[in-house]
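So that you can tell them apart, the chains are marked A, B, C, D and E in the order they are listed, and the count of residues begins at 1 in each.
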Amino acid sequence: MLEFLKQRSQKASLPPGSAVYVGKERAHVVEVRILDYDRDTYLDSSELNLDEVKRLHDSSTTTWLNIDGLHEVSVVEDIGKMFGLHPLTIEDIVNATQRPKVDIFDDYVYLVVKMPFYDEEEKTVEMEQVSFVLMEHILITFQEKKGDVFDGVRKRVSTNKGRIRKMGGDYLTYALLDAIIDGYFGVLERVGEYVETLELELVVDPRPATLHKIHELKREMILLRKSVWPLREVVSSLQRDEIPFVTDSVAPFFKDLYDHVIQVLDIVETFRDIVSGMLDIYLSSISNKMNEVMKVLTIFAAIFIPLTLVAGIYGMNFNPEKSPYNMPELNWVYGYPFALGLMVVVAGAMLYYFKKKKWF
Amino acid sequence: MLEFLKQRSQKASLPPGSAVYVGKERAHVVEVRILDYDRDTYLDSSELNLDEVKRLHDSSTTTWLNIDGLHEVSVVEDIGKMFGLHPLTIEDIVNATQRPKVDIFDDYVYLVVKMPFYDEEEKTVEMEQVSFVLMEHILITFQEKKGDVFDGVRKRVSTNKGRIRKMGGDYLTYALLDAIIDGYFGVLERVGEYVETLELELVVDPRPATLHKIHELKREMILLRKSVWPLREVVSSLQRDEIPFVTDSVAPFFKDLYDHVIQVLDIVETFRDIVSGMLDIYLSSISNKMNEVMKVLTIFAAIFIPLTLVAGIYGMNFNPEKSPYNMPELNWVYGYPFALGLMVVVAGAMLYYFKKKKWF
Amino acid sequence: MLEFLKQRSQKASLPPGSAVYVGKERAHVVEVRILDYDRDTYLDSSELNLDEVKRLHDSSTTTWLNIDGLHEVSVVEDIGKMFGLHPLTIEDIVNATQRPKVDIFDDYVYLVVKMPFYDEEEKTVEMEQVSFVLMEHILITFQEKKGDVFDGVRKRVSTNKGRIRKMGGDYLTYALLDAIIDGYFGVLERVGEYVETLELELVVDPRPATLHKIHELKREMILLRKSVWPLREVVSSLQRDEIPFVTDSVAPFFKDLYDHVIQVLDIVETFRDIVSGMLDIYLSSISNKMNEVMKVLTIFAAIFIPLTLVAGIYGMNFNPEKSPYNMPELNWVYGYPFALGLMVVVAGAMLYYFKKKKWF
Amino acid sequence: MLEFLKQRSQKASLPPGSAVYVGKERAHVVEVRILDYDRDTYLDSSELNLDEVKRLHDSSTTTWLNIDGLHEVSVVEDIGKMFGLHPLTIEDIVNATQRPKVDIFDDYVYLVVKMPFYDEEEKTVEMEQVSFVLMEHILITFQEKKGDVFDGVRKRVSTNKGRIRKMGGDYLTYALLDAIIDGYFGVLERVGEYVETLELELVVDPRPATLHKIHELKREMILLRKSVWPLREVVSSLQRDEIPFVTDSVAPFFKDLYDHVIQVLDIVETFRDIVSGMLDIYLSSISNKMNEVMKVLTIFAAIFIPLTLVAGIYGMNFNPEKSPYNMPELNWVYGYPFALGLMVVVAGAMLYYFKKKKWF
Amino acid sequence: MLEFLKQRSQKASLPPGSAVYVGKERAHVVEVRILDYDRDTYLDSSELNLDEVKRLHDSSTTTWLNIDGLHEVSVVEDIGKMFGLHPLTIEDIVNATQRPKVDIFDDYVYLVVKMPFYDEEEKTVEMEQVSFVLMEHILITFQEKKGDVFDGVRKRVSTNKGRIRKMGGDYLTYALLDAIIDGYFGVLERVGEYVETLELELVVDPRPATLHKIHELKREMILLRKSVWPLREVVSSLQRDEIPFVTDSVAPFFKDLYDHVIQVLDIVETFRDIVSGMLDIYLSSISNKMNEVMKVLTIFAAIFIPLTLVAGIYGMNFNPEKSPYNMPELNWVYGYPFALGLMVVVAGAMLYYFKKKKWF
């Protein structure tokens, strides 16, 4: 959260529409990959020849331009200018702190969504920003870093599997969004496994660290929900036929996608409820533990304090010689065994009493 | 939850529209049953002869095609192709992790709902997916496993009871949905009995296991609510006359059904409130128990520690011979009985004090 | 809740539209009472002569047919058939587990609401179902059992008080609903008195039984709210002029009624908030009690343990004869009084310390 | 709440439209005051001459008729009949348990709102009902008891300050509502001061009585909210130009008023949040106190019990004469100082341990 | 809150539309600054020559009139009269307790928003009111006190950076609102840092003061939310093209701004959730601490009380000379070492028991 705010404030004093990269992945080189296809033709190229791209754009084939890496802002700006993108769109593409949304312009539709990753070591969910610019015959996608989420779609295009080669950029958009939402399911599976681990820990050995983990998880769910909720709005508007460049034949697919997003939201909500329940269990387990501690103390005190009293009584110094009433036990033959026996009887009675109370 | 996510992720990398069975009931053989009827004629067959089905479909009689078992995807695909179902519909039918919904296509309406079962042993609610494809003169239903929920409707058709033979596929849809929603009432009755058992346990002997059961129950209610809430939307859209192939004369029945779904939701919400109240009672019963433990400890300590002090005082070794002020009690004739009597008086006073404080 | 579910499940396997009595009041005989009136004429009869009823129905006078007792389903069915009621309406009338609602048919409007009773012994709110069938010139009402709630209205009709004789069946419907809603206010008054009793109990002597009562009350409020909330919708639709057979001149009365329902809802909500607050007070009073117990224990322990130490020290057996440093106090003239005085001083210091800490 | 219900139930069995006073202020005499003005003329009279009022009503000047005291129902009924008010309006005016609302009739608009007073002694918020009947050229207001809230407006009219004399009854309505809403701000200021007092009490000396006060305050906020929320709806409808007799030129003033009502709601909500936070602080302060008590007990026990053991050891009666190993310390020259020193060292070590643990 | 209410009540008895300054910054002198520009010309003046301003207003250049300081009401009133502002607008400008809102008048649009400052010493968020009056060719802004938030925009105008000189008053409004919303991000960054500090304090050393800080923070978040939520409505209405004087070409910028406001709201909500989680952690840490205290007490008591019993037993005065059964140990050669050894064994067993129970 704080990190996001720090990144965000880097550009606070800049004029609106300034294209400044805001994000944290700057390691690798910017990579561009072009796919151009229709039913019959197929082209895969990693070289950004602007004239060539322009020619592909004008042709009736579907062109998919994918850019991995946003930190070299000039690349994005060049592409943006070539396709006539609004300065605010370019600013949004390179500002990786966007909220998922749809912006409709005259010549294109701009979508931005969040793609989740599960960091297995930190047990946290990381987010990457993906931008879509959908125009007539062309789809441009921008990712923060090179990843393999889109590889499945790429393979389907190259192998001409399914209907993807028969349809246009809107279907391609759908296919890519579908891959991203499948990613949410994958991340939630990891989260679910972690939840099960935590639940076990809660039963076996709940400690303050467990509470900390539960709270971390709760926060993760809040953040995840904050990224899925606007995604729902994005997909909902795609499904409602309100978006240009989305043809009727693709609408059922977006409706299907919408159902998936709702399922993701349902699961996130369920995890939130589960995590809240874990908090209750943790708190009541602390109380139960205290109960146990109190019982041990009470049992010890209640058994040994009476015994100590018995010992104390026979430690009194009343003078038996001055009176036959003064502690005659001290002179009994079996005085000592009697005292010890008395102690055993008292302790036994106590134990029986607590046993009956089901204290142990 | 986790199981659902694991099932779901099996098909993450497949192209959209891929018909892959997602679910866990694979044991039995796929069964197909055909009912064809109107006011006068009636046919019941378990053999899937596609030509015959086509002929029934074209006739003006109402045809009901029921498929039990989804794991043999090819059967579903064959039927789907014969009736011109959209690939996404076929995918949804075999993917038993759907959220209840209505999809309207040009030639048919696709409904998917969840049917609940109560697992008496695990005390959990299980869900089975049921799909409806409603077309002109024909209704196709798909269940995950063979069950007897629809038998009542089948019997009414065969015995020509009520109005079912006089009406079409829309009324049949209503009758089947009504049977499913009656199933919800039945499951809630079982849940209600379990709630009563738990409430008794809470009063008689609340233990950490009770808390665990309460949380399990709460989770059940959350999941149940998540399946009924979209069901409400499904039935609501059926009632609002927006769905093709649903005639006006059936609308009042769907409105009635809608009232039932609202009742189910009301009951689920009420159970959630009750379960939340049980949590409060559990937590306060822990506190009460600790209070009891503390009182026992305090009473023991407050009675015996003063007595031990008395014994300790008369165990001091001040030399009576050096001074008449030094512990003259030790030489009294009734010194010892006096000391014991003092102890009895102190203990009695303590007991009286705690009695007055209503500590026991 | 459970009882409701058990009643409800009696008819789970019956075809929709089956008129089966679902409820628990079967004791008394079904009674029918007919009032027929206009400005000038007035008739009161307890005999159900169907031809006569038909004649009254056709006349321009307002006819009110009241049926007490639903368990003889055939009576309801006969009346239903005579007036052309839909089978679902007949089913709803005899199924006393309905949710309040309005159903509009071509020839009549069907209203069902819940009438509350306060069971003084059980301190619980019971509900009775009342159905209204409003047609041109006639109003038919169905109650589960004979009650006196409608007597005031009957009296106004017979004595020609207020405007009731000058207006039609819609105003009669209003007058009866008004009587029912006044019943809610009466029940809430009883609940309010019970709340005050409980609050006193909470201050004077909170016990686990108090918690149980608070939870019972909370559940009552939840159930009451669930019956008033749909009632609000019913009256709202009556007020919005959307209902046939309701004339414009009666609309302001329904608007007034609507305001009353909102007030009932407000009060129920307020009671819920109050009851939630009582839970907080109960829980904190448990904590306070434990604090008190702990303080008593600590004061006892902190006063007597140091005294026991003093007694223990002078009970040590160091040999004064071997060394002048070995417990010379034992041989002092005022050794024993000194030891006792030391104890008094220590105990006094402790008491002062706890007094200053405001522990008692 | 209960008082309200008791008042309310007084009229439960009366026919609708019965004008019966429901409220508790019956002490003083009913007072009527008439103001009649336009730009140039001004009349102030306290005598209710009905003919005169009729003449003023018909003139084009603005007439304001204010009635203080509702318990003489006949006065209200006379006025009501003169101006042709609906019986339900008259009933609502004298029933001081109304919820704020707007009723639109053909000839007039009826507004009812709640005016708050802060009872400095009881620290509670009391509500008075104010009714407005706005017609062409005349505004009639009804208050439960004589108060000075409207005096500022009266003075502005008499001194011709601001625009009030230049405008009609709608602006007068606005000015009076504005005075009432200013009253809410005043009451909230008092509540705010009380909240600060309570917060101090919470820090300095939280006791069960504090909890009681917090709950009283919370309940006050709930009741205040329940009176402001419908007031918001009233002012909102006035602002939306939907109300007859409200001219366009006054609409911005009602919009401004609406903003004020929203501010009142915001403040009430904030107070609710603050009060909820106070509950948390109270509960955690109880826990903290118990922690303190426990620490005192533990420190005492942990210091004195080991010392008592030391004293107990040297109080054992092993015979040093039988063996050199039997308690040789008893015969040491510095045996006793050694034992006392050992105690001091043990106590010091304990104190250091607890100091290091930051227990005091 | 209370301060606001006190300020607010200063003007309670004044007629509506009275321009009275309500706020707390009265220190400095009112400053006026005029910027007048178009693509080519640029003028910056700090002298308020009304004729000159009128001339600039009539010209087609964009004029920005900024007033710092509202306490000299006459200045605001003069400007208001010159530009024909409604008296309510003037009242709102000088009343610094407004809720953010948009008021649309025939000749101008009035916007009022809140600008946040973070008080580093008090760790609280302060709010300043900023008013915008947008007319044809002119924008007038009113600030409570001189600040540097608008300097960036001023610089962009003077240096002709970005598109600001090419566009009109609507874009200027956007640029200034953008600067204000960037201010929210900055404030949230400070809040985020404070949250991290608090979280550390919570882990390392939670004390009642920490709870106090958490509650302060929670209250800050509530107040911040109450200022951002209506701001959202303001920007939303600007974005929806409903506002006059806002041209189509600026709409995308306002949409972008809207996204930023939503992000601010998201962050505020997230902080609220985080702070709620901190409360849970605080409360459970108190319970954990008490557990620790109880364990220390129990371990001490359980180890030393049995040892004291052993010492007590061998301190009994049974007469060994009267019977061989009476405490023969006292005469053993190794009696004393045996007793001490017994103590060590018992203590060791206890320690092992608690070690096994993982109590330390």
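The rule is simple: a contact is a pair of C-beta atoms (placed from the backbone, for glycine too) under 8 Å apart; a residue touches a chain by one contact, two chains touch by 3 or more.
Nothing here was measured: the structure is a model prediction, and the numbers come from that model.
Colleague: Since chain D and chain E are copies that touch, is their contact same (over half of the numbers shared) or different (under half)?
Modeller: different
Colleague: Can you compute the centre-to-centre distance for chain C and chain E, using the mean CA position of each chain? Integer Å is fine.
Modeller: Chain C and chain E have C-alpha centres separated by 42 Å.
Colleague: Compute the distance, rounded to whole Å, between the mean C-alpha positions of chain A and chain E.
Modeller: That pair's centroid distance is 26 Å.
Colleague: Listing for chain D: what residues touch at least two other chains?
Modeller: 283, 287, 290, 294, 297, 301, 305, 308, 312, 315-317, 327
Colleague: Could you classify the connectivity of these chains, where an edge means two chains touch, as line, ring, star, complete or other?
Modeller: The chain contacts form a single closed ring, each chain touching exactly two others.
Colleague: Can you give me the ring order of the chains, beginning with chain B and going next to chain C?
Modeller: Traversing the ring with chain B first and chain C second gives B, C, D, E, A.
Colleague: Write out the stretch or stretches of chain D touching chain C in their complex.
Modeller: Residue positions touching the partner: 1-2, 4-6, 8-9, 12-13, 15-18, 86, 88, 91-92, 97-99, 101, 103, 105, 208, 211-212, 215, 218-219, 222-223, 226, 279, 282-283, 286-287, 289-290, 293-294, 296-297, 300-301, 304-305, 307-308, 311-312, 314-317, 327, 329-337, 339-340.
Colleague: Considering only the defined contacts, which chain E positions touch chain A in the complex?
Modeller: So the residues of chain E touching chain A come out as 152, 156, 161-164, 174-175, 178, 182-183, 185-186, 188-189, 192-193, 195-196, 203, 252-253, 255-256, 259, 262-263, 266-267, 269-271, 273-274, 277, 280-281, 283-285, 287-288, 290-291, 294-295, 297-298, 301-302, 305-306, 308-309, 312-313, 315-319, 322-323, 325-327, 359.
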